[in-house]
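Shared chain: subunit A. Partners: subunit B in the first complex, subunit C in the second.
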Partner chain A sequence: MPAYRVIGTSPARADAWEKVRGRPIYAGDLAVAGMLHGRIVRSPYASARIARLDTRAARALPGVIAVLTAADVPRNELRMELPGRMAEATAGAVLATQPALAADRVRFQGEPVVAIAAETPEIAAGAADLVEVEYEELPGVYDPLAALDPSAPRVHDGGNVLRRWHLRTGDVARGFSEAAVVVEHTYRTPFVDHVYLETETGLGWIDAEGVLVLRVSTQVLEHYRDVAEILQLPHGRVRLEGTYLGGGFGGKEDVTVECLLGLLVWKTRRPVQLVFSREESFIGHGKRHPYVMRYRTGATRDGTLTAVEAELVSDSGAYAALSPWVLLYSLVTATGPYRVPHVKVDATTVYTNNPVASAYRCFGSIQTCLAYEGQMDALAATLAMDSLALREKNFLRKGDALATGQVLETEPRLSETMRRAWAGLGEPRSPRRPTRIGRAVAASFTPYGRMCWTRDSASAWVGMELDGTAVVRCAAPDVGGGQTSSLCAITAEVLGLDVAQVVAVGRDSHFTPRAGTTTATRQLLMSGNAVLNAAREVRHHLLAAAAALLEAAPGDVELADGHAFVRGAPGRALTMASVVKGAIAEGRPVQALEKYDAPSAPTIDPLTGQGKAFNDYTFGTHAIEVEVDEETGRTRVSRFVACFDAGRVINRASAEGQLEGGAVQGLGYALMEEIALENGVSKNPHLVDYRIPTSLDVPPIETLLLESGDGLGPFGAKGLGEPAMTPSIAAVANAVSSAVGARVTQLPITAERVRAALGSPA
Partner chain B sequence: MKLELTLNGRPCVTEAPGHWTVLDLLRDGLNLMGTKYGCGEGVCGTCTVLADGRPIRACLVLAAHVRGRALVTVEGLERDGRLDPLQTSFAERGAAQCGFCTPGMLLAAKALLAQNPAPTVDDVREALAGNLCRCTGYTKIVDAVLAAAPGAR
Partner chain C sequence: MRLYPFDLVEPDTLPAALDALSPLDGEARLVAGGTALVPMIRLGLVKPDRVISLHRLPELAEVRRDGGTLQLGAMARLADIDTAPTVREGWPLLAEAARRVATPAIRVSGTIGGNLCYAEAASDPAPALLCLEAEVRVAGAAGGRTVPVVDFFRGFYETALAPGEIVTAIRVPATPAGARSGYVKFTSRSAEDRPLVGVAALVVRDSSGRWDDVRIGLGGVAPTPIRAPRAEAVLRGEAPGDATLRAAAEAAAREAEPLSDLMGSADYRREMIRVWVRRLLTSLRDGARSA
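Presenting the complex of A and B:
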């Protein structure tokens, strides 16, 4: 491994110093003189016709500036469009567009109906109470399997099937005929919420050029286009200014406040702030898709997998959002990180009148992990085999093909991640009644970087200042994972600077080079490589300038510690400031705008799933120990070890932080969290009754990071953000299953479900 | 209504409507944006500040209730340009990711260390149980508090 000065260390992140001081860096921390306060009136019904809508009383309230309805929206449909081969990728799908404000019909509880702007939050709330809406409830459909019935109420005119994908390889009938054992289980997961601590927030105004500026907590600065489309403005007339996010996890990937805020600012010509309450956050934005997954897995007596047949149905809720792509991730990951010669997977995402489901960390690859890893432990039990040995026998290796036909070009190191995670659990403990102890692993693979058909690209600018410090300009939103600080670390490494000598400024759709979304675990790969390319270009110019000044060959000059020096002669050195001034005096550039284009490929075949869906994957394992109280069914996670191949660690504390945070978010999903719905209406849209893990609910997370150097990112890095969470729910389910001696197949694994499993035959 | 209190060690005389919470007073009245809204229901702990050294939920407590009391917010942890050891420890140990829960965490931890300068891991986890974090998984937060404890060995 090459020696790095900055890469792989844990310098305190620049944003951390601002954050511990409580500095106003978030979207809700800036106020503008004359600012109005926005408020949204939402549907209390999951399926209803708007029979009458009267805003006169609300408009008459003193201090109310605007009360807007669907009639005020120039183009009332939010399209979900990705660049690349969109038409090809969506052929055959029923892509229902979502209105910014519902016109005649509401399709989910929380759907926006009226947008209000007023002088104070209190007046806005008063106006919301004065809006009169008469709803006529309509029959709805609240179960994705029921929605597939042709006689079910239709959520949209095109029918309830939004998108199907299929995966076919080999001959699944032959695969099962070759199997000595077949295990079959159906796995179920619920709607869950991101619960970032900062709710959806934005502030907007119109600037001196007449450009609508929105300062928003978003993972996607490119939503300026959606606002422009809604308002029928040229795209260049809407600008999105990114802020540090108080968490995202995919929930700020779809449009949240942007269009409603843009509409209010544009119509009132006044600055407006819009902050969703926690309840609005629960009912108003996209959730994780519930899945029903029926799996049959066959193996020979020695544990060699012969066939997997799976049927996946996901609940998209009332609109399309990103459901087709979430489902594609499920399809590609359906068979897990294993060699399976014969595969048949049918995946369907279905409209219902439940909350809209869309992006959430792991994006469809976590539900399938619950199933494929549950199947591996079930197989091991049936075969009376060690479950780690069973996995090892079937793990993908370099040169093997996924079920999609994509051949792995590097070694996944699955066995190493699994063995190290398992060893991290330590010596087995003997339980004392009524406590039972269960231990298990779950291995996983998760894409990092977008789907190949999107032709993903990121750009970045790196430049030197006269004092020898450097500036990075790159429109990569920082959701809290340390995205900005990693770009600084990459630049510092290449230019021989300390991280404190590099500043990354601005995340802005119009002022900084476009870097794309902070989603899909893509930012280190994409912006990281763009910054790396730009920094290397600057380095090239600095080396040439330093060589001339030091009377040496450029190849003999090294940059380190803020200096340029001749290798082997540290006395022949110049400060970076003198090098920069020298370069400028000679007319050499000291800045560079570069980009990184991810490798591209056509869409996978929708009928067979064959093709290259993603450029690369991150592999890793969770090993978990649980203590189950056999009297109460209560489960406590006592040990948790995460081991992943990070490719290369950029900031060690940030990388560990991703693994630790992903693990705990997964524990909440596995054991505690569920949006309780009754005919599409949430019964727990508050933190009091939607509980997430506290410091007392989780153990310390032990993290182990391998560095193969095999990733496509800077210095061989892979992505960790989403992969860090993928195996968690399967590892918990497997550990609980092992403790109770029966398969647990439904989340959340509540005490009631554990008690039921304890009562069922092993 | 008129309010007199001690804010971050200094006397503070201000006006606030009767229905304002401490959170409204800090953010809208006094322009101290370090204290955050997380749920408005006293559950998440994001808005935690100290009143006479004890953690309170700024979103639940009416501003009138802190009349005459000593309030400390995240902005008051730094003294004479020197960060509190907890702030340094959080920054250096990766305990702040998105940072939104950080002000509340810091103040809950500050109250703990004032009572118990040498807490155990369990003491720290107990003291922070009312402050939700969705990013870090708590591991680095607990480590940062332990490292900043004045009685730490």
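Presenting the complex of A and C:
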């Protein structure tokens, strides 16, 4: 491994002190003079017709400036499209649209109906109470399997099937005929919420040039286009200013406050702040999709997989959002990181009148992990085989093909991640009644970077200041994962600077080079490489300038510790400031705008799933020990080891933080989180009854990072953000299954469910 | 965090607080630590026109031993009760229960009076106070009165307080000499959740090893916190053998009236009463906990 000075260390992140000191760095921290306060009136019904809507009383309330309805929206249609050539892959699918404000029909609880701006939050709340909406409830459909019935109520005119994908390789009938054993289980997962600390928030105003500026907590600065389309403005007339986010996890990937806020600012011509309450956040933004996954897996007597047949149905809720693409991730990952010669997977995402489901960390590849890893443990039990050995026999290796036909060009190191994670659990402990102990692993693979056919690209600018420090400009939102600091670390490494000598200024749709979304575990790959390319270009110019000043060949000059020096002669050195001044005096550029284009490939075949869907994957394993109280069914996770091939670690503390965060978020999903719905209406849109893990629920998490250098990111890095969570729920389910001696196939794994699985008291 | 607007009144004396609470147009609510009222206002469950804060009445915050009894002002914070040496030494059951409420952030704000005044079925301190046979001191325009805790809880979120009355203090009699006591809180979701089942118990052995005084308080298993008299009757005067403890746990499960909610079903609650009553009593018998 090459020697790095900055890469792989843990320099304090630029935002860390600001955050712990409570400095105003978030979107909701800023106020401007004369600002109005927004408020959204939402549907209390999951399926209803708006029979009458009267805003006169609300408008008459003193201090109310605007009460807007669908009729006030210039183009009341938010389109869900990913950039790139998606058309051929979506042939036959409905164009997914959603109104900014519901016009005559509401399809889920929480759907925005009226947007209000008033002088104070209290007046806005009072006006919301005065809006008269008469709803006529309509039959709804609340179960994705029921929604597939042709006689089910239709959520949209085109029917309830939003999208189907298929994966075919080999001959699945032959595969099962070759199997000595076949295990079959159905796995179920619930709606869950991201529960970021910071709810959806933004502040907007119109600047001196008449540009609508929105300072928003978002993962996607490109939503300025959606706002412009809704308002029918030229795209250049709307600008999004990014802030540090108090968490995103995919929940701020779709439009949240942007369009409603833009509408209120544009109509009132006044600054407006819009902050969603926690309850609003719970019913207002997209959730993780519930899945029903029926799996059949066949293997020979020695444990060689012969066939996987799976049927996946996901609940998209009332609108499409990103459901087709989430489902595609499920399709590609459906068979897990294993060689399976014969595969048949049918995947369907369905409209219901449940909350809208969309992006959430792992994006469809976590539900399938619960199923494919559950199947591996079930198979091991049936074959009376060690479950680690069974996995090892079937793990993908370099040169093997995924079920999509994509051949792996680098070694996934699955076995190493699994063995090290397992060893991290330590010596087995002997349980004492009523405690049972269960241990298990779950291995996983998760794409990082967008689908190949989107032709993903990111740009960045790096430039030197006269004092020898550097500036990075790159519109990559920092969701809390340390994205900004990693870009600084890459620049510092290349230019021989200390991290503190590099600053990344702003994340802005129009002031900083476009870098794309902080989603899909793509920012280190995309913006990281763009910054790397720009920094290398600047380095080239600095070396040339320093060589001239030092009277040496450029190849003999080294940059380190804020100096340029001749290799082997540290006495012949210049400060970076002198080099920069020298370069400018010679007319050399000391800045560069560069881009990075991800490798592209044609779209996969929608009927067989064959093709190259993603450029690369991150592989890793969770090993978990649980203690299950056999009388209460209560599960306590006692040990948690995470081992991933990070490719290359950029900021060690940030990378370990991703692994820890993924583990904790997974524990919540596995054991306690669920949006409880009754006919589409949430019974727990608050933290009183939607519990997430607290410090007392989380064991010490051991994080192990391998560095193969095989990734496509800077210095061989892979992405960790989403992969860090993928195996968690499967590992918990497998560990509990091992403790209770019965397959646990439904999340959340509540104490009551485990108690039932244990049978009558002994 | 934003709330619906209301008038905030901050009286300096108890009579002034009672005046503020006296009938007016609309609804008045008392606030102590705010850990119950504020979320209820946020969720729109109550919309008071007037909120009367008791924070300027320091005499309501005392934690003091008075002879054999413990005097707790209604405004005594749960953290004050948990950490006071007086309580830990003389009333360990109460200290233990107070320590199990929610999180440290809640305990430094929430008060014992506020906890009781919502008749919250899943209260942690209530089962302990039921076992300790505490009394609630109430002030009203017409004077004061004393209500045993067991009579204070009337129904689902309903107490014996009449309109215009304020809880001023809780008086806890001495823990019986030689008593062993303990509180167990079982949460079905995250660790700092409300209890699915909370069990407090206090037992006193006679010289022959029989339990001549047995008190069991239960939280989360009925519309209000309750005593479990039938379970107590099974044990009183008996030697606490395994079968007897099991029978007592069964009696407690039968006399409870559990509800189903998002924490767990009624059937599961009943089963958890069996488990936790038996476990707590067993640990008291075996000496794992003592006063």
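One rule holds for everything that comes next: the second predicted complex is superposed on the first by the 757 of 762 C-alpha atoms of A that agree within 3 Å, B and C clash if a C-alpha of one lies under 4 Å from a C-alpha of the other, contacts with A are read in each partner's own complex, and residues count from 1 in each chain.
Throughout what follows, a residue touches a chain if its C-beta (ideal position, glycine included) is under 8 Å from a C-beta of that chain, and two chains touch if they have at least 3 such contacts.
If you're wondering where the values come from, they're calculated on a predicted model, not measured in any experiment.
Once the two complexes are overlaid on the shared chain, A:665 sits against subunit B while remaining clear of subunit C.
Comparing subunit B with subunit C, more residues of subunit A are touched by B. Once the two complexes are laid over each other on the shared chain, residue contacts for A:480 go to subunit B alone; subunit C is not touched.
Of the two partner chains placed by superposition, A:200 touches none, neither subunit B nor subunit C. Of the two partner chains placed by the overlay, only subunit C lies in contact with A:684; subunit B stays clear of it. Judged by the touch definition given at the top, the superposed model places A:631 against subunit C, while subunit B stays out of reach. Contact with both subunit B and subunit C is seen for A:696 once the two complexes are overlaid on the shared chain. Of the two partner chains placed by the overlay, only subunit B lies in contact with A:247; subunit C stays clear of it.
In the superposed pair of complexes, A:125 makes contact with subunit C only, with no contact to subunit B. In the overlay built on the shared chain, the residue A:23 is in contact with subunit B alone; subunit C does not reach it. Residues 122, 277, 686, 688, 692, 694, 696 of subunit A contact both subunit B in one complex and subunit C in the other.
By the touch criterion given at the top, residues 121-122, 125, 277, 279, 631-632, 634, 671-672, 676, 683-684, 686, 688-689, 691-694, 696-697, 750-752, 755, 761 of subunit A touch subunit C in their complex. Residue ranges on subunit A touching subunit B, taken from their complex, read 10, 12-13, 15-26, 28-29, 31, 122, 194-199, 244-249, 275, 277-278, 479-482, 653-654, 656-657, 660-665, 686-688, 692, 694-696, 698, 700-701. Subunit C contributes residues 2, 4-5, 39, 42-43, 103, 186, 188-193, 196, 262, 264-265, 268, 271-272, 275 to its touches with subunit A in the complex. Against subunit A, the residues of subunit B that register as touching in their complex are 19, 31-41, 43-44, 46, 73-75, 78, 83, 86-88, 90-94, 96-103, 106, 121, 124-126, 128-142.
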